[in-house]
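In what follows, chain A forms one complex with chain B and a second complex with chain C.
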Partner chain A sequence: MSALPAAAPAPDLLEVQGLVKHFPIRRGLLMRVAGHVRAVDGVSFRVGAGETLGLVGESGCGKTTVGRTLLRLIDPTAGAALFEGRDLFTLPPAQMREARRALQIIFQDPYSSLNPRRTVAQTVGEALATHGIARGSELRDRVEKVIVQVGLQPLHMDRYPHEFSGGQRQRIGIARALALGPRFIVCDEAVSALDVSIQAQIINLLEELQAELGLSYLFIAHGLGVVRHISKRVAVMYLGRIVEEAETEELFRNPLHPYTRALLSAIPGGRRKGAARTRIVLPGDVPSPIHPPPGCHFHPRCAYARAECRAGPYPETVTLRGSSHRAACHFVTEDGGSPVLGDPPPG
Partner chain B sequence: MRMPGVLGEVRGPLAWAGAVTVLALVAIAVLAPFIAPYGIQECRLEDKLAPPSPEHWFGADPRGCDVLSRVLLGTRISLVVGVSVVSVSLVVGFVVGSVAGYLGGAIDRTFQFVSDCFQAFPGILLAIALMALARQGSVALVIAALCVSGWVGYARLVRAQVLGLRDVDYIVAARAMGAGVPRILTRHVLPNILSPLIVEATFGMAAAILAEASLSFLGLGVPPDVPSWGAMLNSGRKYLLDHPGFAIWPGLAIMLTVLGFNFLGDGLRDALDPRRAAR
Partner chain C sequence: MSAAPVLEIRDLKTWFRTDRGVARAVDGVSFEVLPGETLGVVGESGCGKSVTALSVLGLVPKPPGIHAGGQILFEGADLARLGERELEDIRGDRISMIFQEPMTSLNPVFTVGDQIAESVVRHRGVSRGEAMGVAVDMLQKVGIPSPESRVRDYPHQMSGGMRQRVMIAMALACRPTLLVADEPTTALDVTIQAQILELLAQLQRDLHMSVLLITHDLGVVEEVCDRVVVMYAGKVVERATVDDLFDRPLHPYTAGLFRSVPRATGTRAARLEVIPGVVPSPLDFPTGCRFRNRCPAARGPCAEGEPPLVEGAAGHQVACHYPEGTR
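So, the complex of A and B:
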């Protein structure tokens, strides 16, 4: 399956270009379109084979929508998603069905993600049966193999979801995603609903599976803390756009966007080398994606905002020279820094 | 809650009375030809309007047929109509309601318009109109006429349930693995909305049996020689003052059956309601 050259920089498995998803708001008797929820407003990123991209942002920033459009669970408004060179958004249904074998999803809530009336074997084996890959005893053998792979036991196969704990249920969800032998998995807040100790187990499991099977993950989370451990790169989303993206260590060492800094300071017990441990509390809530603020979407909550941030165009994305670190902020320059944003302001 | 355990969850005297009544009715329907003292065509004109006696416990009707036998045999007609109407309506209602609810959009709006049209007037009125169009009534026609409006209620119920289930993660997961709509609806949706459907179907049995009796009472139902409780009630109507038994026995049978199914339905609803589980 992984017919990839062993040579370094991993070729891109997935390249998302200008992904847009606007949900129309219909009102009145005639269901006229009264506006749009700009859930995702021009998002681009790459995920290499065997790599993990962390996608981080607050609730409602559009990160889940990004994951779902990639799997065509939601149809995008615009943009392209090249998966192994083919655009997922324009694939005809038969080919998309085929492509689904390579693209899977793991959900946040281990309770609602499993059908309460189906056994583990039925849940995990369904994809194989649906695609006509295996049946009968072969199907059972393959299901058993996957069950064991995620750290469960064969005797669990004929049990129902309610007989398992949250962590075990999440393993069942992972087994279901693995059954088809995917190459790319969207982990949609896959550990957010779990206890901290279980979180670590599941993250370790995901890392082991990645090493073993050469999987790529889009790891969606609402905080940077979880993502740091598992991601090679991290993208930070705010109100439908990526505001900053960098290699994980680079992002933690040198956060450029004020929003990223706020998120970093929110990590419990997070100690950043060379940075004051000041908690940056953002005033207010995330603005409505129906009417995003003019200029830089972040300006109403930004301590550094100036006139140019409040009006005018959305800031250009600047990529640091000689690096893949990019950020969308008026104060960031190609030379690696920002003259205005020093250390976070006190208070 | 697993399905086989449902009856074990039924509690309360009324629910049990309902369950026992329904089971007794099924037994009578199955055994009617063996336990009825007279066959369906075994009518003796010389016995006409006979009062209750050891030969005819419930008396005999104007054609000399044994009323007890006809009431017992009538159980078959009622249950056949009830079961047929409910199963056909349930299947059609599930298919239409689940597709409308799951796919949404224009399909759903069309469904809502159609179902509003059907619900704008009583279903029995539509059945009466359809039966009036047919020259000769038959059991099959009665069933068909009752299904024409019967599916709408189930479809609405299913649609409402599907709307709540459509975006649940395990349904999304099934979509993500490439499962088609039929598979999702039958494997994932149906088993999870079965409880309210069973309750609704139980009440539907009572309603269908009552509707058949009404149609037959009006002379729009089954042919006169078929022992339907409704038709018997109608023929007994003329003799209500002199020989009240002809009307009372089939009337009692209808009442018992409808009450039995309704009590059972109430019991099932309580048993299947997850909010009740705490008690």
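So, the complex of A and C:
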């Protein structure tokens, strides 16, 4: 965990400290714990009010688990998540129910996350009814208001999910999340399954709602173009840890961690066939989070790794002087020094 | 580029009978694949790009599929007229394929070596021992470490990236003239995708093979293709070299797609441009131009005749009454 910069741009709505989630692996007749999947292994970040933090990384890096622990859909192993100053992980059930009104989630697949037997009005109004906030005609009015807010029409209220296209279903998912008037929404791959023409509609909607309602988003995604477009800041995860975090344009322009640099360079587009190859192709696969490599978890795939990366402690997070740009690499310095800025890697 | 095409598709129509009528999934598609080139077919869900690929391979189930017209010319034969036995002789030998999800295309109860060797035995008539030797060579070619032992692995013992390498080894074992790759890297993480794209490009050069690449990812198209076909609602709306298409898109749909993709490089748009509305149902296409309901340039004549695919610039065809830059 690193010292974060004193000058945060917006007052923090959410501050996550040292979040850990280890899933036990049970084996055999007695279901003994045979090991742990270290899905999230000490993650800290802040999200300001009205701000979007992008959380990126490849399959298995732990980004989805981070989002779900915040909503207590999964219980964390350790750490704290201060939401408006209160730790979500230790709130008693009654207060957690209260906090849930302010914290919502939108999932990737709008079809499997909507109940096929419930009308749009029932799905969107469910939480309002459960929380006893509204009923009868008032409930219907409030549902209609969010339905219109997400770009659907009142006549859609009594229809079922199968009658809608993928983009419209995602609008229903957004309406459901908005119904309780949240301040913070976890968008978990919220636009990843959509075609590009529809994806752009939903991204614009999320941005409009943010401007209008002052929402904060934790935008979890593997699509780096989308994350760059929507996020104010971006954090990059690898094997359960944040390896780098910075203001979006700073991160894309000046990645300091070798993993971030390789990840960004792997994005297809912008180069034509036969053009000079500047791509960094990482060797091998992401190692298993059950047995992460010793030392820096990234060292087996890192072209710059030296002896201290292969053994010893996980690298400390270094924050650049006068900036909020931070990276967890032995060779990143406070002056912005990084192995990726020097000579090309050996071999 | 005067060489005879490896594959030539002429006015292909593949339709499906459904309870609610006939879905015209592919509705008059023409293009050709030249020797050694990569031709990209790009479009959104339901545009007919995958059905086009399956038609080339003779893998559209009939019924409900119907070959409603057109030709698929490959090495002097019309694949659309061949029987299942003749198609099996070609598939996996001169035309091969890889799909998005390697796990569903690999048989979980056979070793990867068995699965690669199977097609070599089938098409080359060699002994199983020789075929296993080919399998080891192929695993080595696709970059799988210690291929002599991995050849005895089962698919579940491998990662997603490794499985896609095995799929490629299987597809290329008989050195096909044409590889049909349907979203080959879509299910993979971006760093693994980079490995697989690099591998495909290298093997394509080594084997002097043509690739028909089906994808929705414009970034992938830009990087690996020589020429591109853009499909919308069962039709080809634009056809050009990758440079012409990306530098000067002519169809309003293509131009709209480019503007709606958030880019990871270059300048960041303040707001994404949007193509309004949704793709029409293949059961009920609009009259005239199928894009007109979503098109910023649509005018009266667009509702009448379907615009034919015509030369909009040298070597650059477009199916639009009012292409970009002419309005």
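Operating definition for what follows: the second predicted complex is superposed on the first by the 322 of 347 C-alpha atoms of A that agree within 3 Å, B and C clash if a C-alpha of one lies under 4 Å from a C-alpha of the other, contacts with A are read in each partner's own complex, and residues count from 1 in each chain.
FYI, a residue touches a chain if its C-beta (ideal position, glycine included) is under 8 Å from a C-beta of that chain, and two chains touch if they have at least 3 such contacts.
All values derive from a computational prediction rather than experimental measurement.
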{"item": "Fit or clash - chain C, chain B, common chain A", "value": "fit"}
{"item": "Residue contacts with chain A in the superposition, chain B compared against chain C", "value": "C"}
{"item": "Following superposition on chain A: angle at chain A, chain B versus chain C, Cα, nearest 10°", "value": "80"}
{"item": "Which of chain B and chain C A:Asn115 touches, first, second, both or neither", "value": "first"}
{"item": "Which superposed partner A:Ala266 touches (first chain B, second chain C, both, neither)", "value": "second"}
{"item": "Which of chain B and chain C A:Glu126 touches, first, second, both or neither", "value": "first"}
{"item": "Touched partner set for A:Ser231, first chain B, second chain C, both or neither", "value": "neither"}
{"item": "Which superposed partner A:Gln149 touches (first chain B, second chain C, both, neither)", "value": "neither"}
{"item": "Partner chain in contact with A:Leu73 - chain B first, chain C second, else both or neither", "value": "first"}
{"item": "Touched partner set for A:Ile198, first chain B, second chain C, both or neither", "value": "second"}
{"item": "Closest Cα approach, chain C to chain B, once both complexes are overlaid on chain A (Å)", "value": "9"}
{"item": "Chain B and chain C contact sites that coincide on chain A, given as residue numbers", "value": "none"}
{"item": "Of chain B, residues touching chain A in the complex", "value": "168-170, 172-180, 183, 187-188, 191-192"}
{"item": "Residues on chain A engaged by chain C in the complex (per definition of touch)", "value": "58-59, 165-168, 195-201, 203-204, 207, 222, 224-226, 228-230, 249, 252, 262-273, 279, 281-282, 285-286"}
{"item": "Footprint of chain A on chain C - complex, ascending", "value": "38, 44-45, 159-162, 189-195, 197-198, 201, 216-220, 222-226, 242-243, 246, 256-257, 260-266, 268-269, 271-276, 278-279"}
{"item": "Touching residues on chain A, where the partner in the complex is chain B", "value": "68, 71, 73, 97, 100-101, 103-105, 107-109, 112-118, 123, 126-127, 130-131, 173, 176, 180"}
